[in-house]
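Read from first to last, the chains carry the letters A, B, C and D; within each, the first residue is number 1.
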Amino acid sequence: MIQECGALRRKEVIHPEIFDLWLECPEVAHQSHAGQYLHLLIKGATGVTLRRPLSIAGIEGGLIRLLVRIVGEGTSALAAVPVGTIMDVIGPLGIPFDYSKVSQALLVGGGIGGAPLLFLQDELIGKSIPTDYFLGAKTQDEYPLDPEEVERRSIFAATDDGTFGSAGFVSLQVNQWLQHHDHAGVRVYSCGPLLMMREVDRICRLYDLPHQASLENRMGCGIGVCQGCAVRVNDGKGDPRGGYRLVCKDGPVFDAMEIEWAVLGESYR
Amino acid sequence: MSVDLSVSLGSLKLKNPVLTASGTFGYGTEYAELYDLSRLGGVIVKTITLKPRPGNPAPRIWEVGGHGMLNSIGLANVGVEAFIAEKLPALKNLGAAVIVNVAGSTIEEYWEVVEKLEPQPGFDAFEINISCPNVKDEGMAFGSNCAATEQIVRGLRDRTRRPLIPKLTPNVTAIGEIARACEAAGADALSLINTVVGMAVDVQTRRPRIATVTGGYSGPALKPIALAKLYEVRKNVSLPLIGIGGISSATDALEYIITGAAAIEVGTANYVQPKITLEIIDGLKHYCEKRKIARLADLIGTLDTSIG
Amino acid sequence: MSVDLSVSLGSLKLKNPVLTASGTFGYGTEYAELYDLSRLGGVIVKTITLKPRPGNPAPRIWEVGGHGMLNSIGLANVGVEAFIAEKLPALKNLGAAVIVNVAGSTIEEYWEVVEKLEPQPGFDAFEINISCPNVKDEGMAFGSNCAATEQIVRGLRDRTRRPLIPKLTPNVTAIGEIARACEAAGADALSLINTVVGMAVDVQTRRPRIATVTGGYSGPALKPIALAKLYEVRKNVSLPLIGIGGISSATDALEYIITGAAAIEVGTANYVQPKITLEIIDGLKHYCEKRKIARLADLIGTLDTSIG
Amino acid sequence: MIQECGALRRKEVIHPEIFDLWLECPEVAHQSHAGQYLHLLIKGATGVTLRRPLSIAGIEGGLIRLLVRIVGEGTSALAAVPVGTIMDVIGPLGIPFDYSKVSQALLVGGGIGGAPLLFLQDELIGKSIPTDYFLGAKTQDEYPLDPEEVERRSIFAATDDGTFGSAGFVSLQVNQWLQHHDHAGVRVYSCGPLLMMREVDRICRLYDLPHQASLENRMGCGIGVCQGCAVRVNDGKGDPRGGYRLVCKDGPVFDAMEIEWAVLGESYR
């Protein structure tokens, strides 16, 4: 973890509500692994007190890629930051994805949850680990990547309404893939809406596949000191941490076996 | 011009008045990756209780626009034994004062946790979090009751030779009376304020934003409230005071010092700008230099309240 | 879909729950140049006292960044006689409920000002500002003491048949107890909160930003505090409640209504966006329409506090 | 008083900290008189709760001119508002300057206090009342008008350090003018720093000249309901308003005889 100030070098609008940012933070970039995130200060934004956690979506030399969806005051203000502005970043934070002993990776992303999986795809390709990436969204207008990149990355795109890629939930595609492929050495990685990850996990448990899920939560400090980002992971019996895990520090990537989706839902509001 | 930034909290000397507030600085060393903690006046570790506490149900925090945040962490901590075994040793060579913040669910628990800590080396003072709910008094905070406060502090006085710093809750009618009770019971200094009770509602789901419904409000919006409380306490006791609430700049810190604080604690701002404490220290120095004030201590309580 | 926005505060019926807070709406008609006041649920005039009051020394206000403001107006007003002669007649045909806010420096003064007003036509209820300093009790607010509060309200109950709405101060340890005292003494509804005590310092001059040193903090940053107080009062009494504090949007108003307010008052936001009250009324209607809620009154206190 | 939303039509930088704005608010413009002001909402500015009072510096058709000095968060944010933005204005507010029965007007402005006097000069010229306008500032870099306008308006410019116009305080110039001219029908109008207005008033009292001074104060409502902008005008004995006047409603223009400068100073912090 370091704190680094670096310039916003590039900004590209993918949809009116989704944009790509490239920050020049070579020191953080150098230390970063897929699954980790930055805690970003959005200076001068009205209605914002705290930093905002954003997944590292990729690294290109000293540049860090972020893929951001506008949902509130912080992300709106971020979208309006002019190229060239110096941004204050703490990172890389959190536990990265683990792909030791994996011979085939299945990446399952939903909406903006696709961001960290892009970086993971890059890393897996770098390690020559066969990788299939399923990335879904509700509809074309919310699809977090432009078609050219989907093509280039050979992503299996899907939208709930069929306006881009195939129609239906990505979990269906994953299920199909699993019906037609060998499961040896397969590991699944998911990031996206809770219901999606839960469904992916149901499938993984069915096929007895290891699955890592990347969670979100509101964050205070981002480094494990405030205990604000705790999520319930089980009933707490016998768990020295009372069944709570810190998304910022114990995660955001969790082994899905640790997660009890029904109780987790309560931590998300 | 060289400025002497050192201040005293009774027998506790600080090289500068900037401390980090309990609950916002973990067990004291987490931020060491980002900067040299020995530059601080001191660090205050999160509240330590007799038994480990998992903390409250989630969600536990909510950002209140640009005003601050609500939290209901529920004093999640490893408990005094694990603290002594696993956390305290790392604080030994910090190069800044180390203040351990403690609490209990009963008066006796306050005493016990201090008894366990007292023989340990490696820290300089106790801050007493009296804002905790008293399970025997319908969950009212100990610190909202003079008798309970006095009993806690008096008992602790018998159990430690280290400086005792009760941390006052703002959620009371007459904070000056609580302060006097602490003074009478042998406190060495007072810190204030802890968080203000607050709440927020999600109108879409009609549910509270944090699971416990109400929580503690902290951050920039608190400053006027905390300054007024400090001003009231200052009129009631002659103990050294530590100001807390929404401090995120040297100017904020100066408002407290001028009003009467010998030192200040930075809380929520640590999350936002971890190095803000260093900027505050530099800013205090700069302010004194510009005005040829040789000792920052001479600024304490210099508020001019005359009406022309 | 037509939505019924009307609500009741005991016998006082309002066509919608949006009121303007005392001290932020003058004598009730000043804003008539800007919009049709008959669209409001009601207006609450500034605090009226027995004698005219010039108000406190200047400076009297300070803006607290984006969080709100401090004021120490000192209840500047024309006094009850001039109010009756010069101001009240203009309120007769307002087309919205008119609530007169009153206060005194002694308990007897509260009674007298209401005695003078009671025979007058042209208004619908009394709001009782019990946050004033009690000159006989070291300047502690009447409203921070259950006995004084109960005595004021009981005396007023004997003197008026109009609805009585004590307005609670947040600067107390246990607002629920004050609320119960009001209920016991015959109040018809309660409004809350008045301003929170606050302070600010000019570090250049080392003087307080307002002449009286401390003043009343109002505006957006207050909302979490006021909501928590409302939640506490709601657990203590069954009277209809009016929520006040930092309301400047329909969403803010909904947070209060869901928490348990039958009506709300808009204060500081009037200065910033005089027509915000109308936008709030429209926003409440829209919220109910979208959710097919036929009567806004059905929303009151529907907060779901279960922890899953 | 009306509330009107109108576009920011023009913005000109005079110095890095002083700028000219033109708002298209025809209804307010139509009702405005010199000495009155607008209460302006600066939307989305961080660190700002309340509106900001700004003098009307002139009217041109449906446009209202403002001359603004950056001193804090509100005025900084205002300086950054892009041309074309719709601004929310309440105005015209306050008591205008009175020039009935005046045969010669002396206008004395200091710094940004010159703003309302520009409008007054326009009105007086419209009424064919002979007018001399003395406008001073600390130094050239703080002079609130560009030299071309000073020239066009035949303003007697002065700076304390002599970097623009003549050297020294404007009050000196006024004194000189009075020594060399007939005083019959002369009325003085001042707006600027307290010390300047006080000195002008001393001179006016010396020559027994009527003097109107335009005061400032922090403002809440701007329309007389909050009582926040009260200033002390005398010891209050026998004054039914206890010696307090509301700058927003009883002023900002006051008859200087009403003002006791020593006690007034206490209201300004």
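Going forward, a contact is a pair of C-beta atoms (placed from the backbone, for glycine too) under 8 Å apart; a residue touches a chain by one contact, two chains touch by 3 or more.
Note that this is a predicted model, so its numbers are computed, not measured.
Compared on C-beta pairs in contact, A-D and C-D come out with C-D as the pair having more.
Set against the C-alpha centre of subunit A, every other chain centre is closer than that of D. Rounded to whole angstrom, the centroid-to-centroid distance between subunit B and subunit C, based on C-alpha atoms, equals 33 Å. Centre to centre, using the average C-alpha position, subunit A and subunit D are separated by 56 Å.
Each chain gets one centre point, the mean of its Cα atoms, and the points for subunit C and subunit D are 36 Å apart. Centroid to centroid, with C-alpha atoms defining each point, subunit A and subunit C lie 47 Å apart. The residues of subunit C that reach two or more other chains are 57, 64-68, 205, 207, 211, 220, 307, listed in rising order. Looking at subunit D, one finds that residues 45-46, 266 touch two or more other chains.
Those residues of subunit D whose C-beta lies close enough to touch subunit A in the complex are 44-46.
Contact residues of subunit C toward subunit B in the complex are 57, 64-68, 70, 140, 144, 171-174, 196-201, 203, 205-208, 211-214, 217, 220-221, 223-225, 227-229, 231-232, 251, 254-255, 258-259, 287, 302-305, 307. In the complex of the two chains, the subunit B residues touching subunit A come out as 23-26, 30-31, 33-34, 46, 52-55, 57-69, 71, 73, 76, 202, 205, 207, 209, 211, 219-220, 268, 270-275. Against subunit B, the residues of subunit A that register as touching in their complex are 1-3, 41, 45-51, 73, 88, 90, 217-232, 236, 240-244, 266-269.
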